[in-house]
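What follows is chain A paired twice: with chain B in the first complex and chain C in the second.
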Partner chain A sequence: MTERQAPPAPGRGATPGKRKDGLAALAFLSPSIVTFVIFVLAPTLGVLYLSFYDWNLLSDGTFVGLDNFERLFTDERLLRVYGSTVYMALAILAINVVLGLLLAVLLETRMPRWLRGVFRLSFLFPFVVSAAAVALIWRFLLNKDLGLVNYLLGGLGIDRIDWLGSSVWAPISIIIVNSWKTIGFSILVYIAGLQAIPDQLKEAAIVDGANAWTRFWRITFPMLSPTIFFLVVINTINSFQIFAEPRVLTQGGPGDASRTIVEYLYDRAFGDFDLGYASAIGITFMLVLIVLTAVQFRFSRRWTFYE
Partner chain B sequence: MSRTLSRVATFVILAIAALAITAPFLWIFRGAFSASDAELYKLPPTFEPANLTGANFGRVTDQVPYFRFFTNSIVVSTTVTAAQIVTCATAAYAFARLRFRGKGVLFAVVIGSLMIPIQVTIVPLFLVMSKLGLTNTLWSLILPGIFSGFGIFLLRQHFLALPYELEEAAKLDGAGHFRTFARVILPLSGPSIATLGILCFTYWWNDLLLPLVMISDTERQTLPVGLVLLAGRFSTGSLGTIAAGIAMAIGPVLIVFLAAQRYIVQSIASSGLKL
Partner chain C sequence: MNTSLRKLATAGAVAALAVSSITACSNDEAAGGGDKSLEIVYWNYGPAAETGNKATADAFMAANAGTTVTLTPVTGENWGTYYANVATLIASGKRPDLMVISGEGAQFVHANNLVRPINEYLDKDADAKAITGDIAQGLIDGFTVKGDVVTLTYGWNNMVVYYNTDVFKKAGVEPPKADWTWADFEATAKKLTTDTNKDGKPDTYGFTWASNEIFPGIMPWVANANGNLTSDDVCSATADTPQVTKAVSFLRKLITDGVSPAPMPMSDVFTRFQNGQVAMFGAGRWPIGTFLPAGFKAFDIQQYPKGDTYKTVFGGAGYPILKSSKNPDLAWEYQKFTVSEEIEKQYVGTPEKPGDSIPSRRSLAQTISKVGVPPANSDLYYDSIDKQPTLVPYPAPAKYSAFESTVLRHLQLIFAGEASVSDGLKNMQGELSSIVTC
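And now, the complex of A and B:
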C-alpha cells in the first residue's frame, strides 16, 4: 500500500506539476499512512492469521487450519448471541431513524430560539456521557424493587417489571438505554439535513395548498433521503458494536439473552484466552458489517434522492 | 385553533422527551449530594436542601485513586484528539486539494477502514502493543486512536466545500502547499475541526473496551473503568458514593460539550454528510 504511494520515478511520464504534488501528498499523508499500517492494517491481517491458529498467549501457537471456522458452525451459543445482537441492533436502529426523525421535525417547527436550544441540548446530552456511566445510572433506575422506573409504572397501575433479570426484558432494557444515549446524535444529523432543504421549496408547496402531511412525504422525505441513508449506515455499524451497556447492566444475561457479539468475542479472547477462536468470531463480525453496508448501499439507489 | 393545538402538542411531546432524557442525570446529581442512602431509596424521590452534603465526593477519592483515573483520562483523550486532528487534517487536505497517483485507491481504503471496528482487531492490536512493550502504559490507549477514517472523511468533505479563490491568491504570493494549508485552509475550518475534536474527545474519554484489554495496573486505568471498579466493589454499598463518582466523571465532558456544541450543528450542516 505504501509503495504505491511513492512519487513516480523521473522520466516515467508524469508532468513536473504532478510530481511536485505527489511529493507533497506523501508528506501530508504519511502520518495517516504510518498509523493506518501499524494500528489498522497489521491488526486486520493479524486477525486473519490468528484465526488459523490455536493459541492461548502463553504457549506457542499451533496451526490448526480451518478448525476455528468449523467450530463456528457447531457453537450454539454463537448463534444465540448473534440472534440477540441482531434483535437489539435492529430495534435500536429503528428507534434512532424513526423516533429521531419525528423529534427532529418537531424541533424544527416554530418556537422561541432559547426553547429550541434547551431541547436540543437535553437531547444531545447523554451522547457525550460515557456508556459505562449511563449504564450504571440505569442499573439503579431499572432495579426491580427499588428503582424509580418501576415506581413510576406502579403509579400507572403496572406491575413491577424485572428489567434486568428476565430474558424478555433484559434485551429491551439494553435497547432503551442505548437508544436513549444515541438518539441525540441522530436528531442532530437530521436537524442539519432539515436545515439544508431550501425554504423556497416548502413555501411553494404551501402556496400550492399542500397540507403538512403531503409536504412531509413529497418534499421533506425525498430531500432528506441522503441523511436518512447516512444515519441507517452509521447506526447499523454502531448498534452492532455495543459492549459497555450489556457489560455493566446485565453481564449479557440471563443466559445469553442480552449478550452482544463483541462481549462474546471479548470473553473468548480475554476470559478463556482462546485467541484463535476469538479471531474467527471477529472475522464473521467484520463480514456481517461489510455485507450489511454493501446491501444498504445497493438498495439505497432505489429510495435515496440526490440533487 | 387547530394550529394552536398542534403547537401545544408539539411542545408537550418535546418536553416529555427532554424530561425523559435529562431526568436520570438530575437524579444522579441529587444522589451525589445525598447524605443517606435510605433517603435515596425513598420513593417518591424527595428533595430537601437541608440534607445535602459533599461527603460523597470525599468518599469516592478515598475508595479509588480518582485523581489518577482523571489525569489518565485527560492525558489519553487530549493526546488522541490533538494527534487525530493533525493526521486527519493533513490527509484530508491531500485528498481534497492535491493531485497524485493512487488517490482513488487510497480514499477507498480510508472509507473501507470505517468497516473494520476496533472490536474486531482488538486481539492482534493487543499483541502489537505487547510486542512494542507498550501494554499497561497510556501509549496503548493513545496510539490505536490516532488514525481515523471517519475524521479524514469528515474534514475532506468540508475542505472540498471551501472556495478556491483564496488559495489562488496565496499561490500567486508564492505560498507552497504547507503554507496554503496552515494559513488559508486551517483558519477557515474551525467548526469542522471543533466537531471532530468533540467527537474524538468524547469517544476516547468514554471508551471502556481498550483500557479493559490493555491495562492491568489499577493506577493506569481511565475513568470509565474506574467507575465500574467503584460500582463493582460497592454494589451492595453506598449508592451516594457511586452517584458522586458518576457525577465527577460526567462533569469535564459536559464542560467541553457546552463550550463547543454550537459548532457541531453548523459543521454537520455545512459539510453535507452524504455518502
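And now, the complex of A and C:
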C-alpha cells in the first residue's frame, strides 16, 4: 500500500513549471500594473493626501485635518453643481442606452450595404473627433441671434431659443452635444452585441409564430442584457465626468446651470488655487461613482442574463 | 508640509486634477547648466506667441554669445488659466528665470512672493532712464505693486472700439468721432442694426463684446462710468456701486433693445465682425493679427465713447524676473532686450505681418501708421495712454482667475435676463468680498 502524500501548500511546493507560468503571467501583466500604479493609484493617493491640507500650489501647505471635507457640507454652490451634473448625466445616460439601442436595431435591419456603412460612419465620426473642437463648432451653431440652428428653426416659425444663455436651455444644449458625440460608441457596442445573438434563435421564434416585438423582448433584449449593463456602467461614469462641452459651450453658465462637478473641481484647484478643497471634492466624487457602480452591479443580477 | 511628500503628492494630484494640459517642452539640463543660461515661461496662446518668443530668444542668444535661452510654452484659455498652469509647473519643481505676465498677473506674482522687483536695476543701470523715458508712465504704473516695479512692459493693448467700415457705408452712417458719448454710441449702434432678410429679427447687430474676458468686455464701460470693480488698493471689491450698475445696465439695455446679440466669446466675435454680422466690438490691437492675414481690411478703430468721464483701459505684458532665477543679472539683460528697438519692431510689424500688440516704446509705436499697418487710425493706440487718463490700478487682485470667473458667471445671469442688474451685482459683490482681499 502506498502512502498518500499531502498536497503541497499553495505557493510553497509549486513546481518549477508553475513558477515559470506565474512569472510569465506577471511579466504579461506588468505593463498594466505599472500603468495602473502610475496613472491611477499614485494620483488617487496623492489627491487623498492633499485633501487633508490647505495648499495653494505655491506656498507651504498646512495640515487641516477634515476641514476640507466639512466645507463640502456648507458649500451651497457644490450642491447646485451636483444637481446640474446629475440632471445632465442621467439624460445623457438615458439617450445613450435607449436611443443608442433603437438606432443600433434600426441599423441592423435590412438595407443596402453602402447605406449601412454611411449611417455607421455618420454616428461614429463625432465620437472620434476632439470634444473641444466639436464644442467650438456647436457654440457657433447654437448662438441665439446669429447661429445657424435658430436660423433654420426660424424658417419653421419657431422663435429664437437662447441655447447657451438660458438656465433651461444651456444644460439641454450640453446634453444634446454630448449625446451626439458619444452615442456612436454605444451604437457600435450594441451592434457587436446584436451580431453575437445566434440567428437560429430568431429563426426558431419566427417558426413558432413570434412577432417582431415578442422576438425583441423574449430573445434580443435578454441576450443583449450584458451589453446593456456594460453600456449603463460605462456611460454613467463618462456622463458624470463631462468637462469639455460645458467649458467651451457655456462656461458652466449661466450661473451654475450647466456646470459639472469636474469643471467645479477644476476651478477650485486651478482658479482658486485651493488644491486641498478640490481634492476633497475629487475624493468624494470618486466615492459617489464607486457607490453608483456598485449599486448597478448589485441590481444587474435581477435583469442581466448570461449564457 | 513635508517637502518631498508634498512633491510626491503634487505629482500624483496634478496628474489627476489637471484637466488642462501643460505643454512643457523645456530642457532642464540647459536651465541649470551654467551661468549664462535662462529658462523662460510664456503663454502659448497661438502661433504668434511661439514665433515671437522664439525670435526674441534667438536674437538675444545671437547678441550675447555663449548664452542659452530655453523657452517653455504653457497653454491656457486665458491669462487666468495660464497663471494656474504656471503655478502647477512651479509646484512640480520647475524654477524658471523669467515668465511672461500681463498686468492682471502683477498682483499675483507679487502676492505669491514669486517676483524679484527691478527697482534696483532701474536705479543702477545706465540704460534704464532712456528706456523708461520712452515708455508711457501708465505702463510703468500698471506694473507697480506697493512701490515695487514688477517688470518693464514690452507690449500692451488698450481697449478701443473696432468698426466695420463696409457696414457703416452700407447703412449710411458716419464713422464715429473721438468725442462721441454713450448717447451717440447707442444711436449709432441702433442705426447699424438691420434686418436685411425681413424676417422680423436683426441679422446685423450694432455692437457686441467678449463674454469670456472682462477687459475687452465690461471694463471700458465701467471705467467710463467712473467706476471700477475693486478699490484703488485692490484690497476690496466694489462691484455693486452705482457706477458699475450704470455701466452694466447700459450694456444689458443694448441686448434687450435688440442692438446687441447674446454675448459670445471673443473668437466668435472676430468671425461675426469680419462677415458683417456685427458692426462694432471692443478689443485691443490683437484682432489685427487675425484680420490682416485673412485679408480683411474693412475696419478702423475709435476710442470708447465718453460716459461720465473717459479713461483708457489697457493691459500690458512683460517678463518679470522670478526669485527662483539663478541668474538674475542675465535675466535683467533679457528683460531689457525685450524692450529694445530690435525686438519692439516686431510688435509694429508690416501690413502683411502685423504685430498683435502695441510696442511699449513710444518712438516705435509712432511708426505703426508710417509703415502703413492698418487700421488708418493707428496713432490712437499710443495717444490713448499718453494723452488720456487711464484706469490704474488694474482691477486685478492676486486671485485673478477666481475673480474673473466670478464676475463673468454673474454677468452671464444678468445679460441672459435671469437676474436683475442690482441683484446680480449684489450677489457678485458678496462672492468677491472673500476673493478680493489683501
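Here is the rule we go by: the second predicted complex is superposed on the first by the 294 of 307 C-alpha atoms of A that agree within 3 Å, B and C clash if a C-alpha of one lies under 4 Å from a C-alpha of the other, contacts with A are read in each partner's own complex, and residues count from 1 in each chain.
Following the convention adopted for this analysis, contacts are C-beta pairs under 8 Å (C-beta built on N, C-alpha and C of every residue); 3 or more make two chains touch, one makes a residue touch a chain.
Bear in mind the structure is a predicted one, so any value in this text is a computation, not a measurement.
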Mind checking the superposed model to see whether chain B and chain C fit together on chain A or clash?
clash
A:230 contacts which: chain B (first), chain C (second), both, neither?
first
What is the contact status of A:32 with respect to chain B (first) and chain C (second): first, second, both, or neither?
first
Just to be sure I read the superposition right, which of the two partners does A:84 touch: chain B = first, chain C = second, or both, or neither?
neither
Chain A residues touched - chain C or chain B, whichever exceeds
B
Looking at the overlay, what does A:138 touch: chain B (first), chain C (second), both, or neither?
first
Just chain B (first), just chain C (second), both, or neither: which does A:239 touch?
neither
So, A:61: does it touch chain B (first), chain C (second), both, or neither?
second
A:269 contacts which: chain B (first), chain C (second), both, neither?
both
Thinking of the overlay built on chain A, is A:42 touched by chain B (first), by chain C (second), by both, or by neither?
both
In the superposed arrangement, which partner chain does A:146 touch: chain B (first), chain C (second), both, or neither?
both
Which parts of chain A are touched by chain B and by chain C alike?
39, 42-47, 49-50, 139-140, 146, 243, 262, 265-266, 269-270, 275, 278-279, 282
Touching residues on chain A, where the partner in the complex is chain C
39, 42-47, 49-50, 53, 55-63, 139-140, 143-146, 154, 160, 162, 164-167, 243, 251-256, 262, 265-267, 269-273, 275, 278-279, 282
The chain C residues in contact with chain A across the complex are 1, 5-6, 8-13, 15-20, 80-81, 84-85, 87-88, 90-91, 112, 114, 199, 201-203, 205, 211-212, 261-265, 268, 271-272, 277-278, 399, 401-402, 405, 408-410, 412-413, 415-416, 418-419, 435
Inside the complex, what are the residues of chain B that reach chain A?
7, 10-11, 13-14, 17-18, 20-22, 24-25, 27-28, 41, 43-45, 86-88, 90-91, 93-94, 98-103, 105-106, 109, 113-117, 119-125, 127-128, 143-144, 146-147, 152, 176-178, 181, 198, 202, 205-206, 208-209, 212-213, 223-225, 227-228, 231, 239, 242, 246, 249-250, 253-254, 256-258, 261, 264-265, 268-269, 272-275
Tell me, which parts of chain A touch chain B in their complex?
1, 4-5, 7-8, 14, 17-18, 21-22, 24-29, 31-32, 35-36, 38-40, 42-47, 49-50, 103, 106-107, 109-111, 118-133, 136-141, 146, 148, 151, 180, 184, 188-189, 191-192, 195-196, 226-227, 229-230, 233, 237, 241, 243-244, 247-248, 262, 265-266, 269-270, 275, 278-279, 282-283, 285-286, 289-290, 293, 297, 300, 306
